[in-house]
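Let me give you the structure first, and then I'll get to my questions.
Each chain carries a letter (A, B and C) given by its place in the written order, and its residues are counted from 1.
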């Protein structure tokens, strides 16, 4: 009984001690995760907050092509600074080059035609030529001389009485005279024709031919200009002085023209960086564009960068992708406000997300 | 026998218990039982009074009343000059603690306690410390021939030893009144006689009034007075002759 | 006498052990069932409690418990950030997604997406790997306990390997636990295990998988709204409860401190499920069994001792003394039984803690068990005392 008087209370006591241990263990506060990396403290108590995406001051330019085709060569690298008009990319130009060569050849042909027609006119204008006149005159003179000879022979016959022997010669001599007379008339007619030179009708015709040839030349020339433009459009150029942000085209890819086409590359003027900030329309009444603004850099850096107000986008729209997720689905309308970095951190790049806080009217 | 150790010389002091026309009824109406119907009794100091009678004659009721365990319905009752009817329950308990020792038929020794602890109970009830009370109990037990048994369990003792333990318990606090209920009925003749003799000797030594309820006629000769009861009345009171009795003489 | 009362109690071994058994069993049943109940119910909001170092949760006002997703609009985060007194705010995603293991088995996972930036809401303990590894592509961290049971890989598959095309892995092949570098499919997305973590067991089935918020919402099936809640840290010196009120006023969203949110979640489960009733019945059974056994035993014990009490009463023991003895006996039996019962429960709980068994012994539970034992003891002793008080001292003469 003595043993029982000791053992049982000791057992019970150890039961209570065990209970104390259990209670201490099970009443300990729950284990919690590691300390969160708290971001930098926002320096103004009354504020509106929004997510901002960094973009170039020019906004991002999606470079397109007017003519679809296979990319032949990319002439710049991402990050290159380009000046206005600098070629960025070339689309395969063999077809355009061939068309250009053909157009050039046609222009040459047309030019020759013009020259030929002009020469013809010059030829007509140059008649009667002196040598032709001399030739005709010489013939007429020769024919006249021949006629004189014929007549002389006849006269001499007629003067000779001894007819016996000459009666049968007279018709021949008379024929010779008539022949010589006709020959002279012919020669004189020829001389007259040579002396006139070119008929005006012929000249007019020749001149008209020149006009036709010149018109053809002009047409060929404009064809050539078209072919040259088409060739040039295959070279994509920088629209402004900017930086190449992203190249989306590689040689060999087919890039189409048109509204649904994908961009060849993205350009932007990043000499100044803007932050496009979404503010819930429900907070818009508290928003004050004169309020101080800071962008907090994500990733636990505790970095903040002051912002300068640029403008409010006067178009409240459904919230667009801001968290970077392509499947984001939104049922919220937001007011977009553009701010500029006063002095962006060196690592800041377009497309980054920052948390923007803007000093605002206190909420009641 | 009437010595005067008691300090007060008044006549009542020679009489320990005085009952006049005490009545007690249990229950009401039809089923009422008139246990006592006008009992007159005087128990002198220093004497042993036996109450004898058939079962149901009112002996137990009578000793319960005169020990302060039951209240009477009617009549006068004074014990050592104290009118018990004037005491409240708690005063009655305190009075019993001081003045009454009990010996029960079944001894009523607590089996979980040692012999000495059982004996010490009346002292502990009076507020004595357990250790002092147990020590006194051991001494008393030694005088009763139970030395070395103080730490025994009561049930390991013989019946006579148990009754002696019970007597020790009844006497340890020196009560003026000892009430015994059939103290010998569980004992054989020889043991009963010896136990009864012990009780008588102890009472005579200290001028105690002793009231014994019994129907064991083998011990009648040890009484100073025998009160015969029947049907709620004391019908006869006698003082047996002592000549044949010496405490260990032959019984008649 | 009180010492004797104790000796009387201890001396009657059969009854005494019966009383101890009854009281011990009652306190064991009550404390054990209550602890399991509390453990189970605290799992309903364990996720909230596991997100530390924040002051407030912001969530949809109609959301009644943390596992019921009522996602917020994307701009809710910005609106909360715009509230004066908010130091910072982070989004969190919580949802159930199906993971497909290399052998084709599927497992529902409880996917947590923590803020990419602050990593707020991360797991309690990182067993292997580093939390910032979550920022790597396709990175996830898986709960180590559950993943050893639910996310087993075929043992023949090397870490990080995927089955070859056309290779069919038999799901009955021997398995190994998931390891860093293993690849699973989460809702048809590739996910690479970069760490093993420990976190509180929740009501959600399957392993808990951590990833960053931005990735979690790509894993999740498309939906108009994704953000499960916003975690808020109050600025220094700002009273979180006042801030919560301001967030409620300005954004129309519900905002609560973690404790209140836990209680809201708990309240939902208490109201909407039968769990409290079931456990309440078990606890009540424990109580009544205790009353029945211990009370009965104690009453019998007192009855056995009635003649001794009667003797004491005759000898002049006051009622106060007797009642004190009975009460002391009841008290001692109660304390001993309680100690034994609670000790058994505590040993059981400490042994089982950390496993699948939900067990949480709040400090109130031993007190409740003590109270129940006290009531049992009072009941038993009052019945016994009544018997003792009614005891007519004259009865002791009537013999046994």
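Methods note: contacts are C-beta pairs under 8 Å (C-beta built on N, C-alpha and C of every residue); 3 or more make two chains touch, one makes a residue touch a chain.
Computed from a prediction, not measured in an experiment: that's the story for all the values here.
J.: Based on the touch definition given at the start, go ahead and assign the chain network to line, ring, star, complete or other.
T.: If you draw each chain as a dot and join those that touch, you get an open line.
J.: For the chain pair with the highest number of C-beta contact pairs, give its two chain identifiers.
T.: A-C
J.: Where the CA atoms of chain A average out and where those of chain C average out, how many Å apart are those spots?
T.: So the centroids are 72 Å from each other.
J.: If you average the Cα atoms of chain B and of chain C to get two centres, how far apart are those centres in Å?
T.: The separation of the two C-alpha centroids amounts to 66 Å.
J.: With centres defined as the mean C-alpha position, give me the chain A-chain B separation in Å.
T.: One centre to the other, that is 138 Å.
J.: By the touch rule stated above, which residues of chain C touch at least two different other chains?
T.: Expected reply: 7, 10-11.
J.: So which bits of chain A are touching at least two other chains?
T.: 1
J.: Give me the residue numbers in chain B that touch at least two other chains, ranges are fine.
T.: 112
J.: Give the list of chain C residues in touch with chain A in this complex.
T.: 6-7, 10-11, 13, 20, 35, 46, 49-54, 73-75, 78-79, 81-85, 87-88, 90, 115-126, 131, 198, 200, 214, 217-218, 222-225, 233, 235, 249-250, 335-347, 349-350, 353, 359-363, 365-366
J.: Name, in rising order, each residue of chain B that touches chain C in their complex.
T.: 60-61, 63-64, 67, 69-70, 89-90, 93-98, 100, 102, 104-106, 108, 110-113, 117, 121-122, 124-126, 130, 181-182, 213
J.: Quick check: in the complex, which residue numbers of chain C touch chain B?
T.: Counting only chain C, the residues touching chain B are 1, 3-4, 7-8, 10-12, 305, 307-308, 310-319, 321, 392-394, 396-400.
J.: Under the stated contact criterion, what part of chain A meets chain C in this complex?
T.: Residue positions touching the partner: 1, 4-5, 8-9, 11-16, 18-19, 21-23, 25-27, 29-39, 41, 45-51, 278-280, 282-283, 286, 298-300, 319, 322-325, 327-332, 334, 355, 357, 360, 362-364.
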